[in-house]
Each structure stands twice: as structure tokens, then as C-alpha cells.
Amino acid sequence: MIDKFVPDVAAGLAGIADGSVVLMAGFGNGMAETLLEGLIAQGAKDLTLVVNSGGRDDGPTAALLASGRVRKLVCSFVRADSVAGRLFATGKLELEIVPQGTLAERIRAAGAGVTAFYTPTGADTILAEGRETRVIDGRNCLLEYPIHGDVALVDAWEADRWGNLTHRESARNYNPIMAMAAKLTVVQTRHAVALGDIPPANVHTPGVFVHRVVHVPA
Amino acid sequence: MIDKFVPDVAAGLAGIADGSVVLMAGFGNGMAETLLEGLIAQGAKDLTLVVNSGGRDDGPTAALLASGRVRKLVCSFVRADSVAGRLFATGKLELEIVPQGTLAERIRAAGAGVTAFYTPTGADTILAEGRETRVIDGRNCLLEYPIHGDVALVDAWEADRWGNLTHRESARNYNPIMAMAAKLTVVQTRHAVALGDIPPANVHTPGVFVHRVVHVPA
Amino acid sequence: MTFKPLDRAGIAARIARDIPEGWFVNLGIGIPTGVSDHVPMEREVIFHSENGVIGAGPAPEPDKINPYLVNAGTQHITLRTGGAFVHHADSFAIARGGHLDLCVLGAFEVAQNGDIANWARKADDPTKQVGGAMDLAIGAKRLWVAMEHNTKGSGESRIRRSCSYPLTAKGAVKRVYTDIAVLEVGQRGFIVLDMVEGLTRRELQERSEADLHWA
Amino acid sequence: MTFKPLDRAGIAARIARDIPEGWFVNLGIGIPTGVSDHVPMEREVIFHSENGVIGAGPAPEPDKINPYLVNAGTQHITLRTGGAFVHHADSFAIARGGHLDLCVLGAFEVAQNGDIANWARKADDPTKQVGGAMDLAIGAKRLWVAMEHNTKGSGESRIRRSCSYPLTAKGAVKRVYTDIAVLEVGQRGFIVLDMVEGLTRRELQERSEADLHWA
């Protein structure tokens, strides 16, 4: 019997190595905060963190960054006045700023086996400096590569033992695509449901993308 | 009030010009057969038809091909012993054979604003002859371009007046991605439902991709 | 005669007047966010939010907040009947794939060739706030900008011959709504469509670095 | 001593023996389609079908056919409890993105370097049946092939030094299940893992164009 549920957060995060690329979903909500706290406790360092934004001074992203265990941050948005902004300004954090749609598409590309793609986004900006561009149908386009994760930390509303997931409202955001893009996808779910409880037409993230599930009730 | 419902098939297909690229969803099921019959009646010619397969001798794809109004067929699969196969063999039909996953991805790329992408699929085959390839991460990859439709013919189970759709089981197939990829997306739906009847988390094709809806009860 | 510049809500309201029913619209952070407040519910305009919300509605009553539902500014919102949720890649497929009738962004500067600068004040700006602006700017069918005509401190014009700040996108802006005028970006540069009452052409030109044309 | 080649169902059953619980598997048209019949339901193997079916189950009772549910061979199927439906691009994201533990395809020929030819007999073959094979071949974690060891008419070997037919993919095949043997594709070429009872090594080599190695 396939059963992706693991007993606790520590079991969910077991084996995450130093130097891992960590994909962390969330945008205002839909962040797997319990797993993120677990990752701080777990101790892996020299991490590359891929997340929508560098966050503010409070909250779990700030806590992970403040722990000093993130070498590089890949995101679309960093406030100067935030942990990430200050770490970057003082040379303690590498930063790769990626337009948000390109970030989402690069993550999806990793999950979908697309080995590179062209997009007009950012092609005529300083983000394109020194990089490969090509004019396609009269538009200047920038070559972008997938972002593969070693681990993805995913939030769900419901999960079954095959790892099928649903997400609440806008808490869906990066969760389905980050689940696709990592070697190890770990989910924290509010509700553990029986196989078949999620209607097959309304699974938001299929279990094929999910490796471990931790039940974290409210 | 937004209302994408049109009174009949003729209104749904009005304005489709000669020379159009027609995206037609369907794979065993989920084909908008009533719209396809309407397209035959509508009379547009010199068409490029993009569809999963050339079909067999019966069925609506064969009827459209037999009408002689398709100049070029873009698909993943043609049987030698079929209308498409015979038209091609006798020089009456241009044929572009595309691996099925590449076909789906090229259609999605058109809808998503991806102007080109690389894939290992087909890179080491005769389909790559004379085309641009590049080695990425040690794998030979083929450069592929999006397939934009002038019109997409889409099948749905339910539709509301904003054009939000659901699809039944495997009848979903190409419908959501072809809806994204055309200038004019025309839907035939089995059921017309009130706005709000489709739960927001379970819309399979959002109305933003849909332009006209024809209610075709069983 | 004197003139009265629009306040930020006034700019938003002015933009809202020009959005017809049926458009599918994304509103950036800042002045643009306020636009939806000025579109009556009975005029069906569908608002998109980058985090996967289609059909974003107004803020909820304080006792009806849904913690799982925010917009791209992470403000609590509601969903209109007929709305839908998609994931982030699908949401940006909408933005980048040409499915938005309109995107309204704030900006530092707009140039007469349609260039927009809205994310950094210099190349090594410690603020790195790209967000989704570059995607929206290249992807929407129309890009309008909402901003004050001149900077607050020195009164420098944000209506430029060319942008001095790092670009968000080249040649993307179709129209600019400021606190004192509405400008179209045409082949010849900025064309004035509208001005606040009491403002003269000469006064508007004085407040604009780029040459203005009149429709 | 004589030997009895496996029939097509026998090849399918032999493959089924080697699929462990928990694998996520795509089965091509032909012999591979039969594999799922030989995996007991209590051994949870999840079958994927290119047209967007995850968790494909056996054919329904004739009176319980769902016209909206077919597999990639357009045969009526059922969905297992826990299954899900996705659209075609997401379905091929699964296939191409490395999420399948196994794909089993039919083939005309397999070469000792793992090349597979399964879609056309010559470059200008009027049959153009690529389908999803090229995507599956490059995308799955493991590609196994199910085919008869020799052609029906002239008895030519399908186990080749190099493929004579147009390729589906280069170097993709990990294992071949034929009616008389199971071959692994290793660094040195074909390694025999198993043979039908009564077949000698010499007889197997005689039926194979490529040189065989023994594990």
C-alpha cells in the first residue's frame, strides 16, 4: 500500500543535505511554515532558497535567512529594509532577482522537462546584461533556464495517502508548480483525507509530484 | 453584463477566415464535434488544422479533411490507411508531424507567452533534420516554437456566462490548453450553468481564455 | 485661474472611467490598486491578481476575512461570483500570454517612446522590487501607467524624453494618467488627451520634460 | 530440449512481475497495454495515460462504460480510487519531466547502445505514428521495451548492433523483454538477465544480431 504520510516534521525533512536548493511556496499565504521552522531546526546550511519574495522582518523566511544558513536567495522581490535586504547590502547573501512570471515559468519548466525557454520579460532591462537574447517574431527575448529544486516545501489544505492535494483559494500560488520541480517534495497538510475523498477532476496537485506528507492540523 | 453565450453554432463560428489556423481539441473524446460540423458548413478553406491525430475514416476530422478545405495538418499521429494518410500520400495535404508532448507544450507556450523552448524530445531523430539543436546539461535538445491558433474549437461539460468551463474525465485533454492559445476560442458545452455554479477552486478552463459559448445539449 | 491636481484616489477614479465592461484587468501596487474601488459592481470588469486570483473583489468586512484569500499586495480581498483560482504559472500565463485587456502599473518615469521605469532608482539600488511588473508590462494588450506628473521633492518631471532609471520594459506604455493630465503614447511621442480644469497647455508643458502634442 | 516462446500476454505478465509497488508507470500501445492486467490491484502501481489520466484502472463491465473516460489507445477504462485527471500539457509534463518511474513501449528494434526505433519503418514511411513515444522515451526514469525477439516473416532479429529504422530516441532503453529473453542494456551492450526455459545461450545468440553478454 502506498502511504506517503510520515509521522512528523523531522521524518518529512530527513536527509536534506547542506547545499540543497530549497523551493518554498507561498505568497501572502500558502507557505508551509511548520516545515520551514522544521528546516531551521534540521540544520542544513549553505542553502539556495527559491521563494517569491525575501519577506519582511518577521515571519519564517526572515527567520531562516537570519539563521545564516542561506547562501543564495532567488526571488522576485526584496525590500531594502528587511533581513534579506540588509544581508545582501552587507555582502552576506547572494541574490538573484527574477521577474515573478519568469520565476514561476522557470520552476514549471523544471517540472515539465523544458530545458530552456525564451521570454520577452526582462529582455530589454539590466537583468539581461551579459545574457543570451534573440529576436523572435520581432521581439527581443531572453533565454531562461529551469530552476530545479532538491527539495520543495509545499502547503496543502487536504492530502490523501497517494499525495493528492488540494489548496485553499489563493494559497495555491506556487505550491503545485514547486511540487513538480523538486527531487523531494514534502507537504504539510491541514487535513488528512481518505483516498478518493478528493474528486479526481479537482485534484490541484497530483500525488505523482509528492513524496512525503506531514499532517499538521491547525 | 458579460455574456459569452451566442445563440447558435453559426454565431459561434462567424468570421472564421480562409487560411485560419484551427486548433481542435479531443483525444478519443472531448472533441467539439458540433462545432466541427459547423465549420464544415461555414465554409472557410485553406485551413491549417492542429489536432492530436489525423483520425480514422469516419468521424468529423475525416469529414473536414475529405472536404478538401484543409491545406495543412499538424498532428502527432497519422494512419497510412485513413483520409489524412491518403491525402498526404497523394500530395493533397501538407503534414507536420509533432511528438505529442511537444505538440501540447507548443500549444501551451502560445497561450503562456513563451516565444520558444528547448526539449530533448525528437532531438536525435529525423524530425530534427535541418533544425536548430543545442546541448543543454549534456542532452541534445531541439528548439520548438509556439503554435498560435486563429480559432480554437473547445468542448466542455459545463460553462457559465463568463466562459468558465469544466470538462469530464479524460475529455479534458487538449481543451484547456487550446483555449489559451487562440485569438478566438469557441466552446460547445453540454450544460449551461449559472455564474457561480462552478466552484472557483475547480474551474478547469477560466473564462479569460474563452470568447464564445454555444450551448449544445445532448 | 488655478487648477487642482487630482489626489491618488482621483487618478484611480479617472482611470476607472475609461475601463469598459468585459475587460480583464490587472492592477499594480500603489495608485492602480485603488482603480477597482471606482468601477461599479454592475459594470462587470474582471480583475486579475498575479497570485492566481481571477475575479478579485473588494476588501471583506473585517469580520468576514478569509485568511486564504489575498491579492498580489497581500491585502485581504473577496472573490466575485464567477471568479476562479489558478496556480502561479497559470496566472502568469494569463499575464504573459496576452490575455489581459489592460494592466495598470505605477511608475517612476515614462518616456515618450513608451519605455517604463518602475522598479529601481539606479542599477545598484538596494531595493530589488521587480515583482511581476516586467511580465505584466510585456504581456498585457494595453499598459497604462498611473503616477504623479512630477516628483514630490524637487518637482522633476516623470514624463521624460528617455528614462533615467533602469527600465521595466521598452516601448510598452500606451497611456499615462497623472494627477494633472492624461497622455497617450503615439508615434510622435506624448499626446495630451485630457487635462485637469484650469491647467493651461503651457503649464502642462512646463511640468513635462518631454515635448507634448495635442490631439 | 525444446523451448516455448512467451505469447504477447506472457511477455506482459513477465514485465508485470518486475514492477514494484508504488511505481508510477506509463504503458505504450501493443504488448505493453497488457501489463496492467497482470499487476494485482493490491500491489499499488499507478498507471498514467498520456491523455491526462493518472491511476488508470481496468476496462469496465460493458454496462458500466463511461464514454468520457478512455486511455491513450482510446479504449474505455476505469479510474482507480485515488486517481486524477489533468490536461494534456500537464500530462506530458509528467512524462517529460522525469516523473514516471517506468515507461514500457513496443518497438521494431532496439540497439545495444539503447537506441529505440518504434514509429516508422523508413524515413518516408507513409505511416506517421509518432504519438507520445518520443516524449515518453526521453522523459521516463526507466524505459523498458516489450517486443518479439525476431520479426514474424523473415525471422530477423530486433536486437540490433544499431537500429536500421528511424529512431524514436537515442540511448534511452534500459531493458528489453522479448518472447524468449530479458536483456539489460549496459555499458558493454546487451546483458542477458533471463531466458525462457529450454533455450540455450547459443540459440539466443543466433536469434540476436547484436552480441550478447551474460550477467
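Per-chain numbering from 1; labels A, B, C and D assigned in written order.
The rule is short, and it goes like this: a residue touches a chain if its C-beta (ideal position, glycine included) is under 8 Å from a C-beta of that chain, and two chains touch if they have at least 3 such contacts.
Quantities reported herein were computed from a predicted structural model and do not represent experimental measurements.
In this structure, the chain pairs A-D and B-D differ in their number of contacting C-beta pairs, and the larger number is found at B-D. The centroid of the Cα atoms in subunit A and the matching centroid in subunit B are 32 Å apart.
Look at where the CA atoms of subunit A average out and do the same for subunit D: the two points lie 34 Å apart.
Between the CA-based centres of subunit B and subunit D the separation comes to 29 Å, rounded to the whole angstrom. If you average the CA atoms of subunit C and of subunit D, the two centres end up 54 Å from each other. Across the assembly, subunit B contributes residues 105, 108, 112-114, 119-120, 168-169, 172, 200-201, 204 that each touch 2 or more other chains. For subunit C, residues that reach two or more other chains under the stated contact definition are 79, 85-86, 89, 92, 95-96, 138-139. Arrangement of the chains shown, judged by which pairs touch: an irregular graph that fits none of the line, ring, star or complete shapes.
All chain pairs in contact, by the document's touch criterion: A-B, A-C, A-D, B-C, B-D.
Across the complex, subunit D is touched by residues 1-2, 108, 110-114, 160-162, 164, 180, 195-196, 198, 200-201, 203, 206-209 of subunit A. By the touch criterion stated above, subunit B contacts subunit D in their complex at residues 27-30, 52-53, 76-80, 85, 88-89, 95, 97-102, 104-105, 107-108, 119-127, 140, 157, 168-177, 204. Subunit C contributes residues 49-53, 66-72, 74, 79, 85-89, 91-92, 95-96, 123, 125-136, 138-139, 166-170 to its touches with subunit A in the complex. Those residues of subunit C whose C-beta lies close enough to touch subunit B in the complex are 21-22, 24, 44, 46, 48, 54-55, 79, 81-86, 89, 92-99, 138-139. Within the complex, the subunit B residues that touch subunit A are 105, 109, 112-120, 134, 136-137, 139, 141, 145, 166-169, 172, 199-202, 204.
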